[in-house]
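In the two assemblies presented below, chain A is common to both, partnered first by chain B and then by chain C.
Showing the complex of A and B:
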């Protein structure tokens, strides 16, 4: 649980010269201003499938984060400065990517972030070199997309007899003529799992990363209790879906005209405009009502970043009648 | 803990199997030929299972409602096969 005092493992990779495919910004930083209190943790390699341990671990992490939040921010700011300065030279050749205005968030930490408010400019203590041009004099939206669905996969590491599982486990369906997997559901967290005979499993329906992991562990525990030597290998979140409301109607026709490289809008096929943002690689469904659905993210920060990118564009296409 | 007739050695396992097979035949013909009325039921789902094209449900606090009368039960197990 060292994540709070140093760069998280894959952010360290980003800070190094070889690993930098995107600007060397720690992934976790954009999350902090939103005060979620739940930053995704580095992958834990515990082989124990104990649910109690999992829940205790999650509670400890939450408590640690709440206690040490201010310390972390200051340290992360300083490390982010170091990371940015290291990779600034590599970034010199990369121009601003895509045509979406890049609101630069990683360095915008203050010492006391309130949920939902993200000051754009860094505090005077931390001198920064923004990598992508920040749009001056525009505020953050103050709207936080809510996660609606998380799809994750895990490998239980052993072959499974699906008929045994379907016959002995509760809340399971198995119709091999229609689909070659057992469909199992649990109530807490409310999720559905597809369990395949190879031992691989897909877990859908959770509302947060930790819930998805906890649910996957519960399914693995069910399989283990049925007598299979189940492990918990390579848990990975494959997709995250978020949604939010900008609270004003949007002129989709205008948006598709100016952003035609990214948008596709066929009202006769589907009432929403499909916006494929390049960076981050997120697909947004934008509706006339002002509701926005964001999908395709591997991490929570991508959802937030995509929404912060699209919000000023949407404001520009606000319906005035 | 409930015991079956077979476990407590009151009948042979083979006889038990014959009873079950006869039950399957009898219930299928009875439901097809002798049942005419319709009953609605509503309860909360405790567990479900679908395997070998057989649904097994366990419901709690169920009300069986016919036009004439109402029956309430705490727990009911439903085993359902394809009607076709």
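Showing the complex of A and C:
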């Protein structure tokens, strides 16, 4: 039976590969040069500790140019964190030391709390402009992720009649057969809200926490003016999305090999690498062009911290030729 | 022993509750006299008090393999046989399916998802044994959508906590190239198009390596790159006869489907080869174009390492140098020291006047589609006063509401009379 006849695109490769029963080709054949600084290891090798130790040593050597103090602090924190991580290890398949302590090579742990963390209900005195995290200039990446989207929820505290809202508001759409909520939009700040009949509301599209809060208040005011006793209870930011550009290309195949516990790279499905950072709990989409999207944060500081954690890892994949 | 009862026959107090088949009876244990009998049938009110336990809450689910799980396991074995996988793969895939079935989210999933799960288990097994199987193949065999497959695949990898290695490119090249029907003459394949398998394989491998080195493979589906490389390898082995053959015709000859991105990958690969050709002294004078460079692919591949190094500047070091210039000397020297050597080398190269291209992924070389608006610094506090007029603009006036209701009513009337006279 000629299988290839009926198979549409990409459905090739059904013949048995040569030497199928031999152990897999070591991934670091000359075909995929991954440059200096990384010890190649075949995939089946489960003693990933050796790679990580090697990398730790190399990174420490690189950082010997910098102050001794920070190195010592790093090591102490790594041990503490490695111990913590061992006790909360999620991966049953790998040993606890498979959790890379490399995440803590970043310098943010030694710095003061980021002034960029604005509280949700700021006093009028605190400045609202986004401030660069105060990491030491020589170690920081110098790149600040920009917030692209904030999703927040608020409880209006009363039952709503969606038909009335859709009838009497200009900026509302309501199609009960498609979705059981009114979709309302305002121009300033440019946001969209989903308003449910239970009185709960989801506000999306704002570019900062304060804008999200202001937009949610405006929606509540619109609902109030439509005759409902709307309140503004339990405003909470549920998700923040940020993006930035490291301005150099990244070898995603190499990154998935060294950080396989955290990364998922399937070029057949999606061109980017999905990196699930444990601390802080953020998901990063890393693309070959060097653009990074960070999502899953509840506060701004988590996005900054996640980026400062990933930047040294990405820098390690820069020199490839 | 129930209290207070006495046998009417012998007067003993030893009454036992016993059941004769399904009928409960009160029997005297001395003389065997049946004192009272239970009711064989249940009344309506009795039945109302009976509790039913759903199958999913009983223990029956755990004690036996459900029918849909049996079906799924059979499909896993069938799929392994269709793909002619070694027998050990079958056992691993079956084990994964059983493991997945223990999770309630999978047990309660729709049948479509369970069918896709069969393919996921087989794919994971193949990946872990470095057997090059693409998702496209599995989806075609399962008649499944790639979107549905991808969702289930990501879910199951996360759920089972599996470590799935990447697709092995070298193996994929070998299997894919072997599937091209060009190694024997046939009515559809003239003699001048027939090629030796080993030669074509080795050249294709070299071209794919070159593509990988020059950022044409990262982030992209691997198969179109391999198709383009196979085509170039085939053409370069006998260019005089084969230059007239197009990529589409080649795929039809070889009885292989042409993936859509393959033509753009081909153009990218040819551009890389052209840049490399500019570095070879005896090719510089020839003024090659995308068609004529094919004739010299063997030379280019022979010296590919030196040529790539000479033809392309290290794009990453270049960008570092630019960054350094932009940020000025104010920044710490620590970072600059590492790159100082390479950036000075780049600058000296630029001064020489040669302008080799940057070795970057194509997405970074293309000009940006739209200018990114610089994010404006907003001084919003979130607690500002909201003016009434601003809110009024979002509310309909009473006249507007009336008009809207009238329009709605008219539309309803029109809809309810589908064929107006």
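Methods note: the second predicted complex is superposed on the first by the 180 of 321 C-alpha atoms of A that agree within 3 Å, B and C clash if a C-alpha of one lies under 4 Å from a C-alpha of the other, contacts with A are read in each partner's own complex, and residues count from 1 in each chain.
As a convention for this text, a residue touches a chain if its C-beta (ideal position, glycine included) is under 8 Å from a C-beta of that chain, and two chains touch if they have at least 3 such contacts.
Keep in mind that what you see is a predicted model, and the values were worked out from it rather than measured.
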item	value
Dominant contact partner of chain A by residue count, chain C or chain B	C
First, second, both or neither for A:173, with chain B first and chain C second	first
Touching partner for A:242 - first (chain B), second (chain C), both, neither	neither
Which superposed partner A:163 touches (first chain B, second chain C, both, neither)	first
Contacts of A:269 with chain B and chain C, given as first, second, both or neither	second
Touching both chain C and chain B, counted on chain A across the two superposed complexes	167, 170-171
Touching residues on chain A, where the partner in the complex is chain B	163, 166-167, 170-175
List of chain C residues in touch with chain A within their complex	83-84, 86, 129-137, 139-141, 146, 150, 153-154, 157, 161-163, 165-172, 174-176, 178-179, 181, 205, 208-209, 212-213, 215, 218-223, 255-260, 308-309, 314-317, 319-320, 323, 327, 331-335, 337-338, 359-361, 363-364, 375, 377-384, 386, 390-396, 400-401, 404-405
Residue numbers on chain B that touch chain A, as the complex places them	47-51, 53
Chain A to chain C touching residues, read off their complex	2, 4-5, 7-18, 20-21, 24-25, 27, 29-33, 43, 62, 65-66, 90-94, 121-122, 124, 128-130, 136-139, 142, 146, 167-171, 184, 186, 188-189, 207-214, 217-218, 221-222, 225-226, 247-249, 251-253, 256-257, 260-261, 264-272, 287-290, 318-321
